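Paired with chain B in one complex and with chain C in the other, chain A is shared by the two complexes that follow.
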Partner chain A sequence: MNNKFDALKDDDSGDHDQDQGSPKDSEKEKTEDEDKDQNSSKRKMVVPGAGEHPLQYNYTFWYSRRTPGRPASTQSYEQNIKPIGGFASVEQFWRFYSHMIRPGDMTGHSDFHLFKEGIKPMWEDDANKMGGKWIIRLRKGLASRCWENLILAMLGEQFMVGEEICGAVVSVRFQEDIISIWNKTASDQATTARIRDTLRRVLNLPPNTIMEYKTHTDSIKYSMGRLPWTGEP
Partner chain B sequence: MSTEFLKTTAKAIPSTRRVTINDAAHMPQDYSTTPGGTLFSTTPGGTRIIYDRKFLLGCRSSPVAKTPPRGLPNIPGVTSPPSNEPGKKAPNGELLNNKTTAPESSSTGDDSQFEMDI
Partner chain C sequence: MLFGGGLTGIHPPRRGNFFELDNGMEVSRRRILQKHLEPARPLRRCVPADTEPNINAATCAQALRDEEEHETPIGIEQFCKIVNLHKKKEVARISYSRDVLLGLSSCPEAKKKPPFLPEHPIVLMEAGGRKAPLTLTHLHRG
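Let's look at the complex of A and B:
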């Protein structure tokens, strides 16, 4: 297997290189936004089929990929992130999941995002802007199993933090893979501690695994001043 | 370092307690079940639909879970086998998940691979 994207130098930490964009770019995004919103209102019709097992929330799968050969600053994160589809039941989840590649087999600079319906996998979304995420860096070879355990725990409401969970991301990078789970309120330490403990349990992580909590406001702050190819501070 | 200063204003998160029931007489007065069979009493946050990993994995083999979803965008190497490796499915139609090695199809590097019809 010849992975031409291995040549990419930008093994950043699973953060999205969201460029703030020129005003012109933002306008362009806005019209696309409206298109997407119309799409997502269609997707809100997703309901469990007869005899299926409903989930506590509806979710949407997203996929994003950094276009090789172009610096991140010339492309918009939002333009690169594409909805794959939404589901409302356990069975509908498996339909999507079974027809998608496992993250460990993805190439290049790619991410899967699984977020509650109506929440965009972006720091700026209303549900995310006061929030943050737990980040776990994984050596190559672990991403598929960890991602599956992570999203099964999320869909099955194993975190027991009420409405706090927003979604989960798996990021395939050059030398490592990163999984993260996003929640609404970064300042709520009871919640973030509980998410951390649940992660340890459901991912079956070795005790010395480093878990890092990062607020989205910090992510935005650092990304603005950083050159896109330098990776994470 | 006295604990009397450790006041918290955070609301307690409802916790889960697992108990093994061997006899129907031991069942609590009020309880609910999720469709997957998890029993739980009402939590302050209201009733939630909880599934454990084992149950979710069990649903994977149901026939409906194997049908491709409607409107699945075609992303070579992600939602479909790479175009230069057709038919990389298991004989039972068990899809590409877990099997595809997904080398990128062609001269990637442009945005066309993101095209999807949604």
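Let's look at the complex of A and C:
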């Protein structure tokens, strides 16, 4: 247990060291304090339009692509991950969704993330640090459909686990694609079981599909210096 | 936990215990026991202590209701109320089935280009560069 948390701490502090050495030093310093409520302040006032169908939560789309040849430290991950936009209603969601390419059409080492407003798609975010994710590896060709079904279930509150869901990720990789859904409390077995069962149902997966649950502390522990967000072993 | 002695305290003493005793003993014991068998009353009360003790379940329930009206945070009914509130909260979550969400994807509002959409390789200039939701168009299979 201690080791896991040490890993988390080391990772954080390493991150800060790198930040201070970066050329964007002053800029970073300035935004650091606002960092926590960045989403709410920067893209503030995302509200449903008149007559639109409100969602239970506001969400933010993020996109990340690994820069080829660069080591995947936490810092470069954070720099690579870009918010696309936020929405608060079903209609606003479709506007973004219909103006973005499908995961199956993405090339290279790319990820779409859809997270609740205020939660960064990072293990280190307060909402994620005690959490984990269900991972499903998909053969090529299934990602777009599965991703769509996954996020529709999330936006429609089909998981029925209260506040537990943090967000969802689709990761396009060389030989396979991975979809995952993140929740707040990895130790809450009732919640993780319920998420698993809902996933099975909404994704309509073949019975032999392997689903793997991974805590973020384990992800950090086993992937130091590797790709931090993929769940790659 | 909510009641001292509780409603279960009203049971009469079991007579079987006294069969072996002579009559006099039985009577005196019974008196003692009866004296101890006071009606159940809630532990925490906001009604003044000198009120007449409630003598049956109905009045006990009435007392509970009285206390509820006084906003005392105890009582089974109140407890149930709190539990129901939580349930209601869960029910009150805004949820949509997949079909409802997909149905809304074809309305004009859903096809507008969002303001402030960054220029990016993953961003399409027009809605549905590959038509609307996959699940509707059935064009995706590998």
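Just so we're on the same page, the second predicted complex is superposed on the first by the 179 of 233 C-alpha atoms of A that agree within 3 Å, B and C clash if a C-alpha of one lies under 4 Å from a C-alpha of the other, contacts with A are read in each partner's own complex, and residues count from 1 in each chain.
Basically, a residue touches a chain if its C-beta (ideal position, glycine included) is under 8 Å from a C-beta of that chain, and two chains touch if they have at least 3 such contacts.
Predicted model only: the values in this text are computed from it and were never measured.
Peer 1: After aligning the two structures on chain A, examine chain B and chain C and state clash or fit.
Peer 2: clash
Peer 1: Have a look at where A:Asp188 lands relative to chain B and chain C in the superposition and call it first, second, both or neither.
Peer 2: Only chain B is touched by A:Asp188; chain C is not.
Peer 1: So in the superposed three-chain picture, is A:Leu205 touching just chain B, just chain C, both, or none of them (first/second/both/neither)?
Peer 2: In the superposition, A:Leu205 touches no partner, neither chain B nor chain C.
Peer 1: Please work out whether A:Met130 is in contact with chain B alone, chain C alone, both, or neither, and reply first, second, both or neither.
Peer 2: Touch partners of A:Met130: none, neither chain B nor chain C.
Peer 1: Once the structures are superposed on A, label A:Gly108 by its partner contacts, choosing first (chain B), second (chain C), both or neither.
Peer 2: It touches chain B, and chain C stays clear.
Peer 1: Could you look at A:Gly156 and tell me whether it touches chain B, chain C, both or neither (first, second, both, neither)?
Peer 2: So A:Gly156 meets both chain B and chain C here.
Peer 1: Applying the document's definition of touching, compare chain B and chain C: which contacts more of chain A?
Peer 2: Between chain B and chain C, B touches the greater number of residues in chain A.
Peer 1: Please indicate which partner A:Arg145 is in contact with in the superposed arrangement: first for chain B, second for chain C, both, or neither.
Peer 2: A:Arg145 contacts chain C only, not chain B.
Peer 1: Could you say whether A:Asn80 touches chain B, chain C, both of them, or neither, answering first, second, both or neither?
Peer 2: A:Asn80 sits against chain B, while chain C stays out of touch.
Peer 1: Would you sort A:Thr67 into first (chain B), second (chain C), both or neither based on which partner it touches?
Peer 2: In the superposed model, A:Thr67 contacts chain B only, not chain C.
Peer 1: Once the structures are lined up on chain A, find the stretch of chain C hitting chain B; candidates are 6-14, 42-50 or 114-122.
Peer 2: That would be 114-122, the one stretch with clashes.
Peer 1: Once the two structures are fitted together, what part of chain A is touched by chain B and by chain C alike?
Peer 2: Residues 49, 52-56, 63, 82, 84-85, 87, 90-102, 105-106, 110, 144, 149, 152-153, 155-158, 160, 162, 202 of chain A touch both chain B and chain C.
Peer 1: Which stretch or stretches of chain B touch chain A in the complex?
Peer 2: By the definition above, chain B touches chain A via 8, 10-16, 35-36, 45, 48-53, 55-57, 59-60, 62, 64-69, 71-73, 75, 77-79, 94-98, 100-104, 108-111, 113-114, 116, 118.
Peer 1: Show me the residue ranges of chain A that touch chain C in the complex, using the header's touch definition.
Peer 2: Residue list for chain A touching chain C: 49, 51-56, 63, 82, 84-85, 87, 90-102, 104-106, 110, 140-141, 144-145, 148-149, 152-153, 155-158, 160, 162, 202.
Peer 1: Residues of chain C touching chain A in their complex?
Peer 2: Residues 90, 93-98, 100-102, 104-105, 107, 109-114, 116-118, 120-130, 132-135, 140-142.
Peer 1: For a test of understanding, state which residues of chain A touch chain B in their complex under the given definition.
Peer 2: 1-5, 39, 49, 52-56, 63, 65, 67-69, 80, 82-85, 87, 90-102, 105-108, 110, 144, 149, 152-153, 155-158, 160-162, 188-191, 194, 202
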